[in-house]
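In what comes next, subunit A is part of two complexes: it sits with subunit B in the first one and with subunit C in the second one.
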Partner chain A sequence: MYPRSLPYLLLLPSLALLAVLFLYPFVLVAWQAISDDGGQFTTAHFSEMLGHWKFGTAFTNTLLLTLAVVPIQIALALYMASLVTGMSRGRDAFLYIWTIPLGISDLAAGIIWLSIFEQTGFLNTFMVGLGFSEQPETFLGYQNKGTIFLAIALAEIWRATAIVLVILVAGMGLIPKEYKEAAEVFGASRWQQFTKVTLPLLKPSLQTAMILRVILAFEVFAVVAALGGTNMPILMGEVYNWQFVLRDANVAAAFALVILGISILCTLIIMWFLRTPKGATL
Partner chain B sequence: MAEIKIKSVAKRFGKVEALKSIDLTIADQEFLVLLGASGCGKTTLLRIVAGLETASEGEIWIGDKRVDQLPPRDRGIAMVFQNYAVFPHLTVFENIAFGLRMAKVDQATIEKRVSKTAELMHIEALLKRYSGQLSGGQRQRVAVARALAMEPEVLLMDEPLSNLDALLRMEMRAELKSVLAESKTTTIYVTHDQVEAMSMADRIAIMNKGEIVQASDAVDIYRNPAHRFVGSFIGNPPMNFLPAKPRSEDTWSVAGVKLSGPNHNAAASASSVEFAIRPEDLIPVSEASEDAFTAQVRVIEPLGSHVLASCMVDDQLFRVVVDSDKSLQQGDTLYVKPMYDRMRWFDSSTERSL
Partner chain C sequence: MTVDGTSKTMLWTFRISTVVLCLWVLVPIYFLLTNTLSSPEEVVAFPKRVWPSFNLESISFFLTFSGVGAAMWNSVLVASVTMVLSIAAGAPAGYALSRFDFKGKSFYRVLILMTRAFPLPLLALPLAVLYIRIGLDDTILGLALLHTMLALPFAVLITFSLFSGIPVELEEAAWTLGCNRFQAFRKVILPLVLPGITASAIFAFVISWNEVFGAAVLTIENRTLPAFLLQGLDQAPLHLKFAGGAVLVIPALIFIFMVRKYLFAMWGIANR
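Take a look at the complex of A and B:
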């Protein structure tokens, strides 16, 4: 037996590092968002942010994108994880193939999808070549907000579903098959086995996957920059914009705090919805 | 009507032959106990009847329907799993109600059935708890209650009382037996505990290494083992076995004792024959004689009503149950005469009784 304090002592260096490299800059950013050059408290930066015409659009776009992408990713990953878990052979091969997009950076992913949807891209070449359309369409033009949104959502789903899949496959692997068998014997259909047994027992993994995905969806940036350019303002894009183009670090910090705020809020909501009563775990 | 017919069912897991051609018919409303040592294939057979495992060969019939191709939920069964499989995310109440909810039974009936079965299994105080807050024995009783609440045509139970302490097990045994006797349920009950098997069964099927070696009522199995394994497995202590040498047409020499047994011609195919007798079917006599075994007492175990003496006859272990009034000591020589109508004979190559 080692002393009880040992784990804490061993974790201390990482805690210190976290404080220096994360907590301290975070406090600085937070302070930057609510102070003026003289070091006085002010709400001016927030007012400027809220008053800017792009704030509302960026906020709504970010939320809409999250709402469109995350549920589809969760549903898809659940479906694929069920299939993978039911496989007796070749499941590793399938998992490797499905997780390939994870190895690609988000900017690269954006560029891949750009090369599909561009005016001279694969899709247009294909359509014209097969005679479906007379001439190339500008799918990603500023007048086609809907298509831009769709392209971004598709790229995000393609790029980041695999991480949800990996988490859910691991979670499903932890559920002993006897529970499914018991449900089957006691009259549950396949769908009921899934909704009444698998899904509730998967709650902890589902929670992790959803929190991770929602936070990452609020931070989406490179894919949108590649496919939407300035036609699709989003929160993270605005942080970049204010920091590096408009050179106003205070408003950029305010935007960053908004992202943090909705991330925390959503995390709490997800944790509450997918909570497990005491004693009801595997 | 739920007669269960198991026809030539075999099961292989890769190279492991778990079941070798099982044939068994369980009558409507019968209480059949599958008894056998751990690893002999009881769970596998039960899971094949339930539809959780597919037989490599053979057919399963329930009622007048062949059910091999039906999923478990279409077979009209309820089951108690060996490892309980009590859902961790549901309360005890919802666990017991699970099957009824799936069958869309109305709430009032559900509440009635749940409280009835919970009371029967003495878990009515636990209804609001989750399985993580229960002991192994409590979980096992939830699993039994969940199956009973279904009031199924066919009830499959895999060692349902194995994790209860002795007293509670005895009580549950009696309660289960009386509940199932009143119901119209056909039951297959798996256990490795012969006392449990004897006390509960209408009929016992004894399994050994993937085969059913005998299926009969408790007394018949005890008195007339059809297979050497049955004699050596049933009874505490089990039967004594001694090799027999032919003497004349129907007399045999067993450890120097002349005994009349099966006709030599009938046993002609038997390369060798074994004599068997239960330890309590031996009568102590005062002195050596031609028809009494000479036994050297090695260990004495006083068990209250009687004394169990482990002796050696012809260098073979030979147990004798004697009245506790008789004073015995280690190293004594005991002379015992077999009760003639209780002697049994086995062909030691086929291990079948003669």
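Take a look at the complex of A and C:
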């Protein structure tokens, strides 16, 4: 019916792009991280990275931020998704409003939350206006690491819950209504229907959402740059620093490989924890 | 269901949380717009006005600020090239995935999904080196190629779901009426998928328009708007940041509104 080469011809443009702009760069960056100028294998860049005083803080901050943000996003998105599936009217309108942050750049999200947390910002205006504090606080000053962290976490939750919501709503759409109805017939409460029917069947979507969010959380960059500046070192910020301020592309590459390493590790862990037993797929 | 006490409480919890969640999303954007539509003095004044004064000084100051016009134009150019490249490479692949069974199909899908989950610096850093070697450094095309890599998985997945939604019988009917494969595609399939393809192109545009890290790494003179704003974060006065944020947000919001119908099709497919 068609020449056997046709599908491959159709894939060719995208494969060519992938080879030149994905596989080749990856080999190059890995090589950059483990070789010196003469092309010899070296671990010097990694030890320089590990020895730098900011590495530990950047690493811990990135992990803490991920731990603080992702579980809340998953829980919030689950709640939003079940609200949406229970709606008879206005479903599309609410879904649109809740997915608005999907179109917002991380830099813009940082700036948006800056308008709330900066010293003359809206939070201070409300706090002072309602009498909670005497004068405006410097929430984002270097002495207030806690509120910087909180502001960044809130901005991330605000910005990136939408993507989880979209994945989960799409996943809930795949679950046949009959399963829930059957559970209801057998007397399951709404909560039981949710935990015993919806959640287990939603596993594949939860897995996708969680992997994607964790990986992207390790790459948080512009939100932190806008809200924390240099007061909150994170891994991506260090990649940028080493590349541009310290001008050492090798150490920057080592940092990038660390991000890849923890991304792969967490992906495997999530895949194992949320694995679907064989034959239990929809 | 009977309207007893518990279900009434449920209904109200349901309604209140829906409204609260809407406010949670909308109020921060409102604050940004209020700041943008206030004069530079009002932005740093305390306590702050909660309603915009509709003073256009901040925004006009931003738009006439040296470099902003060029950065916006660069952003539009990069995003347009990204849009064209990702559809040109992604749509044929989406069609192949939906219509043919061939060896290596599942490998290709995994590969495409992997690019989406790949840390951005691993692409951006080596490309910076590669581009200097081949003379693509600090160019529109160079950055657009990186953004194409980010948009490609979405282009492939959304076109795959579009083509899968069109019965192959339609194509077969065209063949029996004397069309060859290409004619059948152009006259029967293309008109049907065009709105969806447009949506996926717009989505590619938004991805490129919003992208910060790669743009900051790969451009120096020819900065796009996000890279320009990032560079100015340390020194720029507040009203400039807010106006810049608003200029970044508003087009993206309009575009996302245009493609909202397709967002779910896209991610529904990505699940499987």
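What we mean here is this: the second predicted complex is superposed on the first by the 271 of 282 C-alpha atoms of A that agree within 3 Å, B and C clash if a C-alpha of one lies under 4 Å from a C-alpha of the other, contacts with A are read in each partner's own complex, and residues count from 1 in each chain.
FYI, contacts are C-beta pairs under 8 Å (C-beta built on N, C-alpha and C of every residue); 3 or more make two chains touch, one makes a residue touch a chain.
From a predicted model like this one, the values you see are computed outputs, not experimental measurements.
Of the two partner chains placed around the shared chain by superposition, subunit B is the only one that A:F186 touches, whereas subunit C remains out of contact.
Judged by the number of subunit A residues each one touches, C leads among subunit B and subunit C. In the superposition on chain A, A:G38 makes contact with neither subunit B nor subunit C.
In the superposed model, A:G51 makes contact with neither subunit B nor subunit C.
Look at A:L201: by the touch rule set out above, it reaches subunit B but stays clear of subunit C. Legend: residue contacts after superposition of the two complexes on their common chain; A:W158 is shown touching subunit C, with no touch to subunit B. After overlaying the two complexes on the shared chain, residue contacts for A:G146 are found with neither subunit B nor subunit C.
Judged by the touch definition given at the top, the superposed model places A:N124 against subunit C, while subunit B stays out of reach. The intersection of subunit A residues touching subunit B with those touching subunit C, taken from the two complexes, is empty. Only residues 176, 178-179, 181-189, 192, 196-197, 200-201, 203, 276-282 of subunit A touch subunit B when the two sit together in their complex.
On subunit B, the positions that touch subunit A within their shared complex are 50-52, 71-73, 77-79, 81, 83, 85, 87-90, 98-99, 102-103, 129-133, 146, 150.
Of all the residues in subunit C, the ones that touch subunit A in their complex are 10, 14, 17-18, 21-22, 24-26, 28-29, 31-32, 34-35, 43-48, 50, 85, 88-90, 92-93, 95-96, 99-100, 102, 105, 108, 111-112, 115-123, 125-130, 145-146, 148-149, 152, 156, 181, 206, 209-213, 216-217, 226, 229-230, 233-234, 238, 241-242, 244-245, 248-249, 252-253, 255-257, 260, 263-264, 267-268, 270-272. Chain contact summary for the complex, subunit A toward subunit C: residues 2, 4, 6-8, 10-18, 21-22, 24-26, 28-29, 32, 79-80, 83, 86, 92, 94-108, 111-116, 118-122, 124-125, 128-129, 136, 158, 166-167, 169-171, 173-174, 190, 204-205, 208, 211-212, 215, 218-219, 221-222, 225-226, 229, 236, 239-240, 243-244, 249, 252-253, 255-257, 259-260, 263, 267.
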